[in-house]
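So that you can tell them apart, the chains are marked A, B, C, D, E, F, G and H in the order they are listed, and the count of residues begins at 1 in each.
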């Protein structure tokens, strides 16, 4: 696995990441790391590699867009001096365009999304051992659905940036794709966004595959 | 994996199993399956084998001993007609002897424990495809500790019964052993009994190994 | 309008109808009638025809399927001796097949749905001045979506029964169709089932059109 | 209808307007717009003209008098740059004179009421496409009742200002008048001020008539 | 004063009487007697005649009509063997006709009201030293108001029964009349029914005048 | 009565005065004036002299000593410009010496008590029509009890100041004395300090006698 | 000490004994034994004689009189088969006569008190190794106080019964006497009945002295 | 006993000391001193030496390490001008190394612990009559347990400092040792840190022995 002894991994994002984590830092006893994919990543890693003493901190905040990440980047990422960083952002950037279309100041359109995300990565990449970029997703199998199509655009942006900047990429939409062949979206996420425990496991495994985790 | 398409697995036990599951049946949306190892087993299985449509029901109840299991066996196991059954019981049977030693009617001593567990298994084995017996455990690495020693006795009983009756066996104490080499008990369980998410993952993986689950 | 002076209308259904109505009868001051389309129907009628003194009672119960309606039909419909009756049922009958596919005893398949609904209507039709049958709906514009397709089957059943038994019909799915041309489902209902106030107004207007209401 | 594609309407007032709206802005999912006439106006408009994409924001605050509106006018009206504005204020200005007559600093007498309201309108009229002035009301049919008489004075002031400044006028007292012929005040409002859903629908329809809404 | 040493007075009625009294008996420390006119009657009597050791029990229940009194008469009046009894009932009997006019089964019309009240008094009069009949009231000075007119009809019934059966009479409507000359109803009762502390004092004094209380 | 049309009376003190009054000013609907003797004074006065339109404001704060009154005198008394003022303070000044004898900084000894109270009165007397000084009290009939003896010392100080400065005096201890002949302290106040409704009526009547109130 | 290895002591009484103990049995982890003198007795004994493995169960219930003890004697004492029993009852039997003098059915007068207590002891004495009778008390140093005098009567009854039946006696009133020389009652108990932690320690030591406990 | 008439003792520490004490000062009625060993020390002392009028203040704060004590030393110790001071700190300093090993900034290692504690004592020793130093403890009888071993190191530091600076020493670990011979840790503290009432009594007695308390 890429992560080495005593290293620190920060996972930042929105409500999918947050999942009731502790403030200000999402770590520590009694579920400080939250109840979502970050907790699963931690549990799978610590139970497989207990000797590594890895420190994983959940810095997700519900409702965040990339614009919010930028505002708290110094305090919530840079000051914590991580060795590794994972970012999954963009769902709210898109969703607000579809669930409150008239409230335009809450939308983050593709240009702003791409520019902001690229800026954050370029700024931080030199300070860390690696960054894992996770695409945003929408648990909707119909690729012609308007919001799914839009989400795929944002996913494409993430892939482009990952390639340009040499980040590890996790294609979360693709990860869900395979499960959606057998399971209807309503079972995985009541609103097609917030996953059940099964959906969080799909995310966790996709992340772990990217960092070379070996299950045992 | 041993579990086949559309089969039903019931997992019964005490608070380690329960973990805030829904009543009367521990399944369904919004965390009905609870937040412990049962949920992890479900999430790992469903994300790997979505095509199987397995149904996993959590029937744990906090504070239960094998004496309590017997009282609710008909309603909570037999009437639900499972294809597979897993049982992890015994922690409270032992713990009460150590945390409230003067309240003797709350203790379940080895003879009663063994007789009751064997009876339940003999009664149900013929109706199901398989039973997974999980030993009780104590997250205490010192084998000379009084309560650990006692718990090991109960574990030995479980192993004996598994062998006699042809059940699958999960040695949970052994599973924790390897992690305890690197992690102090207080990190895994504040009271040496109720595991953190990492501890629940240890249990889930031990169970999954017994039923032939292949991670991917 | 079809409803005449001093007549009583009972509107029965599931959570779409219920909307926090009072128990045991959904009527009276301080929102006894609930906060959904039933309240809107009442408010539009009473403000337009205050001289009629109509009595509208909301008898919806969240989570109900047609199987549940049957169980409470005597107490919640017949004993109240309505002049008019409206029924909107079937969403949960279908939804459970898609959001908890493995819990099969919670599903109500088409044969049971059709037989039960027809029985209730045949039993009650002779005692009332009229019955309004409202189709179940799914706020999903993609007709190829598995659950939408299924919901349309149930809608077809409702239409067939309405025709056979001489009930008034409200095609709620069609009513939503026109709005969905301009508004994405996430704006109308976070889970594609429970409507926003706008969605409830769509239902209320569809109902009112069927009973000859004239806005002024 | 007067309101055009993508325009923004702000509706400001007191508790009749507020009705548990979200802060700081009363709009968005999950009832952000409140539960009163503003929500009904929005629901009727959006269901009839979904293609317009209108944005309606509820800025009512319970207990407000025109003095309070003045204090928050810049932040809650001007900075939001509405295309259209509706104002219904004055009930508390009068009510306090009758329910806490000795607490004189809480009263807003006619001169202050008129001067303040006129000032706000003159200040904002040039920046918007139109202003709808709604009279305050008292759900008391007896015109000789002391508080009703007083409220009518304030209504007259509103009519005078509307005429002078070219605002659209909604005579809410007149709207209630017709309903009160058939319904006793206690059914419409337990305290003759806070309307039931029916009372709110009376307000919504009166507003909609003023802006040329056509029901369908 | 009519009440003598160690005698027991029961005061029964609706929410005006109840005022958060203790169950099952409204007496004892920490406000067991409630916070309304019954408490004021008790406080004025006990502070003036501490040597009498009178026992006053509040048996009011919110929402009660005379129909409800009849149902609990044996348990809540007769079994307690009072020396004196006061009754104030009828407000809900009338109010329901005006605040939920369509829910007719909740109305108690004059015939039933008169017959029931007379029956209860004839049944209990022989067992007690005296009964105080208090008229229902409506804090509305306009005698032409529909509900006020109706309430006066019920008051007339109470007066007729008091005269026929030799009960003491308290004309609560007349008691409020004099205060309403100077105070607007909204100051005395937000809904013209539930009095403020001042309104409760009006009731207490009217009661005390009837039983010959002398303030000092 | 001494109080004249439209005058304002402020009643300040400790928890005996406070009794859950509203903040910042203890007046207005829904019990703003609290539930103690101030409310009774208001209710007796308003029901007897409704034409006076008196304004009574409760400014008591639980736990206050005369030291606390001094700290908030400008804001809570002077700025409100009362016509009349009543003060009942001293219970906590004494009580703390007996219920937490070792916490000496919470005690207010006689010298400080007398000097502070005199200063406040001399400062405010010229601005008001009259001041009513109420002695502190202890509902303990045994004059040899240590705390009762101490409280009497403070009462003597109050009497001395009243005489010196020409204030009206209310001897609350004397008022309780007569009731205590027939009623044991535990019935009047569970802790011999906080009165029941009967005890508050004793205080209210003593105050009213001082200002020339005539009951009717 | 009188209590021997593995013996069981039940301590029964009223709120002074209860102190938030667990139901149905007052023992076990997390404060099951309550927070009063019973907990102190247990803590002093277990810390001094850990080798005895004594079991102490708190069976106090707030508000109980000796009449209540009789009603639950079989279930709460006899069925539990104690080796030792302590009883402290009578405070409420007396207190109700003084804090709710008119509610006579709540009083337990001396004859009933003595007869009932004697009956319970005669019934149980033969089945146990010993009974400790604790007098009721009143934290009031003035022996002429009416309630203190009455409490002393009940204490005398307890002493008489203890002597007659050969029970161990704890004179709690005498125990408090010595402390009251230096500490005013309000410091020991806000209502002269419910002791502070210091007061509970006085009770615990008095009990322990009676059973031969030796502090170390 | 060392403590003399009217002296003030401050007891500072972590959650073992805190136990729900009042803020800002842990003293006064209604459990202001908390529910742990400090309350027991106070209750034993006050009941034995009521004439001394000692003042004991609990200044523990849950979760504190010696680093936290240093931050609040001026406000919480020096400004209060105690005559005596007791300190029990170090459990969290050690525990965090074992229950959240990766969160290294929360650990206080031996050098910092020793330096800080010595500094605080040298700074305050000259201002007080005496300081009682209590070792931190771990309720784990196995001296080879990693965390127990570490805690013993910190205990050794405390002993060294006590000797150097002339403080009184309380060896809490030794105090628990004798009880642990007969009682399993789980009975004394569910997490081996937070003691039951029995455990707190062990601490209280150890403290009292150090200050020359004589039980009676």
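The rule we apply is simple: a residue touches a chain if its C-beta (ideal position, glycine included) is under 8 Å from a C-beta of that chain, and two chains touch if they have at least 3 such contacts.
Since this is a predicted model, take the numbers as computed values, not measurements.
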Comparison of F-H and A-B (more C-beta pairs in contact): A-B
Repeated interface matching F-G, over half of the contact pairs identical, chosen among A-D, G-H or D-E: D-E
Furthest chain, CA centroid comparison against subunit H: C
Distance from subunit F to subunit E - Cα centre to Cα centre, in angstrom: 33
Averaged-CA centre spacing for the pair subunit H and subunit C, given as whole angstrom: 67
Gap in Å, rounded to a whole number, between the CA centres of subunit E and subunit B: 64
Chain centre separation in whole Å, for subunit G relative to subunit E (CA means): 45
Residue numbers of subunit B (touch at least two other chains): 29, 53, 99-101, 183, 187, 190
Chain pairs in mutual contact under the definition given at the outset: A-B, A-C, A-D, A-H, B-C, B-G, B-H, C-D, C-E, D-E, D-F, E-F, E-G, F-G, F-H, G-H
Contacting residues of subunit C [partner subunit D, same complex]: 29-31, 33, 35, 39-40, 42-44, 46-47, 50-51, 53, 178-179, 181-183, 187, 190, 196-198, 200-202, 205, 215
Touching residues on subunit H, where the partner in the complex is subunit A: 99-103
Touch list for subunit D against partner subunit E, complex: 95, 98-101, 142, 144-147, 183-184, 186-187, 190-191
Touch list for subunit H against partner subunit F, complex: 6, 8, 27-29, 53-55
